[in-house]
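The following blocks contain the structures, represented as structure tokens.
Consider the two complexes below, in which chain A is the common component and chain B and chain C are the respective partners.
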Partner chain A sequence: MSDAAPLLSVRDLSVGFEGFDGYADVVDGVDLTVEHGEVVTIAGETGCGKSVTTKAITGLLNEPPAHVDGTVEFDGQDLRELPDDERRELNGDRISVIFQNPLSSLNPVFTIGEQLTDTAQFGGDGNTGILGYFRRRFSSTDRSAARERVLELLEEVRMPDPESVMDSYPSELSGGMRQRAIIAQALLNEPDLLIADEPGSALDVTVHDEILSLLEDLIAERDMSILMITHNLGVARRLSDRVYIMYGGRIAETAPTAEIFDAPHHPYTQGLIASIPRLSGESMAGGIGGSVPEYTDPPMGCRFHPRCPYADESCRSSEPADVSFGEQARSACIRHSDGDSGPVPTLQETKRRLSEHEPTPEPAEGNQ
Partner chain B sequence: MPRIGQILRRLSGMTVSLLGLSVLIFVISRVLPGNPARMALGAMASDEQVAELAAEMGLNKPLPLQYVDYMRRLLVGDLGQSLQTKNSVAHDLVTKFPATLELITLAFTFMVVFGIPLGIIAAKHHGGILDNATRFFAFSTVSVPSFFIGIVFQLVFGYFLNWFPITGRLSSAYSDEVVRATGFMLVDTLLSGSVAAHVDAWSHILLPALALSFSGMGQIIRITRSSMIDVEGQDYIEAMRGYGLPTWMITDKYTLKNAFVPTLTILGLQYAWLLSGAFIIEIVYSWPGLAKYGVQSVLTSDVNAVVGVTMLVGFVFVVVNFVVDLLTSYIDPRIGLAGESA
Partner chain C sequence: MSIDTLSFDTSGLDRIVSPARRELWYRSYRRFANQPMSVIGLVIVVTITLAAVFAPYIAPYPEQVGSFTDFANAYHPPSLDHPFGTDSAGRDILTRVIFGYRIALLLVAVVLGLGVPVGVMLGLVAGYAGGWVDTIIMRITDTFLALPPLVLALAIASAFEPTLEIAMFAIASLWWTWYARLARGLAASLSDEEYVQAAELAGASRTHILFRELLPNCLSPLLVKATLDAGIVVLTGASLSFIGLGVQPPRPGLGTMVADGTQYLPAEWWISIFPGFAIFVLVMGFNMLGDGLRDLFDVEVEQ
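Then we have the complex of A and B:
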């Protein structure tokens, strides 16, 4: 697997937004790869920059107000260097997205059939001119082929009664059906890379579970790579081959799924896992105190230090370097470095410390 | 589909508002200052004559009875007699209203045909030169009163450039050969088979219709632009971009339909507002429509004519709003008709 070039390779990606409160440095130097056929998850709290990272990958950020830096290499091409029209051809053809909110991602005034058939017929043809469009729009063979394709996909995502769903408006469907509809929509053009933004997260537990097993089956049946975003570590563990833990716009730790849940290295990962009773054996009241940083004025040094139970002066003064733990695992914490004398973070120790730890209040020592 | 039931319910609601409107207009017309009988007969008439006419018109009966009488006659299309023209009000309306309707319909067409595309262009070039130019145009047309635009048009295109006639509906040279079949000059001239007369009718209606359409056009541009920009920021549009649909298809199909709902609401209101705007433009262009008749009837306390004109305007208002409601719920299935929570 590691011989071939990865399907997606993101290097030193940074995204910032010019806002009223100043410049918000939302994604800072993210490196990540997705191999052919691999399922990779970016996990982290709400507001850690995971959605913005994927939007930068798909080119859906408006620049300005966004400022994007770094390289996004897809199948050997740097997407950031590609001319706009070539870039657009990839979207919906080789790269597709399951958007986060099924209700708001479906146009309320068109039927499911209309939207999905258009996606099947015109997806990935961002450059079709006005004449070409009309020629194909009124070609009934094109249209009915696209319609067949949509019905096939709706069957594949186990949509109940696909024919009548085609004639329904999004507001007439249940949350689970809408979720299935947008999964079908994302898969219509057989993408090589599927980006799934919090799939099923808005659904209740049983439907969420059904959607996850649907995704599991789709992953098994299809030859595609998936980059998934979730705040739910259970989802990450269930579906993915490899996990990136993101905090404050940076990658804190990455490792193959089994490794990261068995032996997390980064204090933040350890804290996350310790917060989940099912994963850590017993519950830890309180979780990780504090909240994600303000991006207009992020903490100096390690961005996690105000909430980290191991933090000391050195965490504030220098940014931690990645320390490698085998071929695919690395963690960005100063405690891993050889020269550091502090305690090595372990799951048990982190748990103990977190239950006693008070996060540094936001404005404290801000002027120092 | 419960559509038919919804439409029926809305229709009955419309009837109720028309009834309420008729009561309101009737009462207001009866409390207007001035004795209609005296106004009709003139200052020279004796008090007996005035009292006699008042009795004949039913003006000495109690108000509710007068209303019942009025409504009974209204149902058979009798709006009473105009004291001013001595014709039946219904006849007067039928002869005057088509001219006004033709004018506002053309003005409305201009509003739609120029306003919506300009709004879309402005939204597409959001923040650019085209956007600012369009917004400047829209802002100017909204803020300048229509009679001023009308007079400027007359001066520039009629007087200085001499491209268009500045008053009337048709040159007198053609008035004999045109048969008044529908009351719409653009149609009648065609029916009479005279191309020259048809062109002449266009040259007469163009300036007043354009002047009339301007302020509404500015509104349409502004609302179309802002709702297009609003819809473009929605998740479902981003999703369509993510799926790589042709960019202009996203604009013209997936953005426009959503953005059209607020525009449609404004269009409905504008159509009815055009009626009141037409009253002013008709005076400026000596357009033989409802305006002069309406103003005269108010000034002379011609009650039947006042009630007739006001009822007609109100009727158009209510019908246009009904149509807008239907169209809106057709475009956006989430919007039920009034009284429904679909």
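Then we have the complex of A and C:
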């Protein structure tokens, strides 16, 4: 762990939405950090709040309807306090984002070459004014220099036949090619922090694998921090230095990648890891019973307790505190601290209990 | 299937327009050409526009447009010399219809030329900015929208001296509202598209978002709307002229000519009927073209 301040530091981030069913408390007190040059993954099942967390970090949530609380510090600046114009300077120049769906992240009416050249020319340069914008847009030297860089980047992301891709519309490219174009676009202005929301997961398995090995190579070549979102533990294990496991809008556990897969502490993490199908056939078939909680009426106490095989009355009544397991690892489960009254969860024990456990049924809805 | 199958040497052409883009144009052309109605509409609009532009060279008796009188030839029914007949002053009606198209299309050009850019820019800014900017722009738009164009044009035209120019600006001063509404709705929904958010997160300026992300992506519905609207502008102008608040005699407004001819109905029917039919053909042309474009771009436009 470096001594310098982390590149990205999120403290006590909460996001909620006002809806017809009441207030949905989607992200609750999330703390996370990304060090310089570190690759960090947020993993969790669908609906655990990982995408909303990244949207809050990137400032994509409109407030209202969203209520965002907490600080998002990037390199010492609180992003949430920054005026819009300074924010635009950081975007693209120092922070880049890759969205999940490679088709909808590209403008359908311009060729790849045109829009990537725009990004190269204008990324992180939000304040040129209308006239300045058009002067640069039509300056042929500026434009062709930017175009050269786009070509270089397309080569770097191993785009087949980059010259003709430059003249193609997004609809004319395959999913893998679009994903490569988007990765190239995100890297054009050499960001310090890349935020990637499930890169390539919309693609089929073989192409997804190619994209992941491309990302591996890019991570090796570049001095870049990455915050990645995934529901795929394999991706987390393959690419990241450290993993956050998220459940029900809270961080359940975080640890360096090797540790979390060797010795998971939280029953939820243990359940996830036990659910990974293995060729030896020793995986349990059922996974973790139940589903992510209703955010308008989250479970009291630990949000995982309705599905947790260790849950008892104390899990319902009190919120679990973080328990530290070494310098970078912590886990939020009440069982860690009361070794006397029950077992400190172990992977084997969790596996055994989960196969017998029935999740607590949702409380019946009363008349409203 | 591409046009390159004809194996011409296209390397020179490729440098100007890439083969991918040429193919795209070609495919769009094929789709458009497969709709007979829209092709007919396009032919009508182009023919009438050309006739209007070159009216002095095409019209059989260009000297008879204005305050020309030849009472010996008045009330002449349609004949080879005067295919649409002559009016009460002995002027050739075909000539006056061709010049009338000139005025009608000038009206369309001015009203849409002012209304579309103003409305679209206001709408895009409102839709993209949201918040109080949106509220202010759209409430002002709603205020203008509450006034029927014909009624406001009536009021303005009767407050000033009724001329073609006054009528034009009266119509144009209201016409932008529909484009503001349409562009605002399009911009608001496009702002949630991932590629617009991606551009924002890539640090693009507001100018870039407006002109490179939002505007190009709402051009097709706007073009369809403008084409369908052109016919309505023609009708509005003709209505104003018909009740005497638009084009003033002796200038050859189509609506003015219809109004002038009504007093000679039904005996000298050609004085009214041919200018009326001319309005009908032009409006039909715009509508058929607009419908064709709508099918081509596959957009929905409220009418």
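The definition used in the following text is that the second predicted complex is superposed on the first by the 355 of 368 C-alpha atoms of A that agree within 3 Å, B and C clash if a C-alpha of one lies under 4 Å from a C-alpha of the other, contacts with A are read in each partner's own complex, and residues count from 1 in each chain.
Everything below uses one rule, namely that contacts are C-beta pairs under 8 Å (C-beta built on N, C-alpha and C of every residue); 3 or more make two chains touch, one makes a residue touch a chain.
As the structure is a prediction and not an experimental result, all values here were calculated from the model.
When the two complexes are overlaid on their common chain A, residue A:Gly76 makes contact with neither chain B nor chain C.
Of the two partner chains, chain C is the only one touched by A:Asp167; chain B is not.
Of the two partner chains placed by the overlay, neither chain B nor chain C lies in contact with A:Gly326.
Shared-chain residue A:Gln185: touches chain B and chain C both.
Applying the stated contact rule after C-alpha superposition, one finds that A:Ser96 touches each of chain B and chain C. Of the two partner chains, both chain B and chain C are touched by A:Ile130. In the superposition on chain A, A:Pro64 makes contact with neither chain B nor chain C.
Shared-chain residue A:Val109: touches chain B and chain C both. According to the touch criterion, the shared surface of chain A, contacted by chain B in one complex and chain C in the other, consists of residues 58, 60, 88-93, 96-97, 99, 101, 104-110, 118-119, 122-128, 130, 133, 169, 172, 182, 185-186, 189.
Contact residues of chain A toward chain B in the complex are 58, 60, 88-93, 96-97, 99, 101, 104-110, 118-119, 122-128, 130, 133, 169, 171-172, 182, 185-186, 188-189.
Within the complex, the chain C residues that touch chain A are 18, 20-21, 24, 130, 193-208, 211-213, 216-217.
Chain A meets chain C in the complex at residues 58, 60, 62, 88-93, 95-97, 99, 101, 104-111, 118-119, 122-130, 133-134, 164, 167-169, 172, 182, 185-186, 189. Interface of chain B with chain A (complex): residues 234-249, 253-254, 257-258, 331-334.
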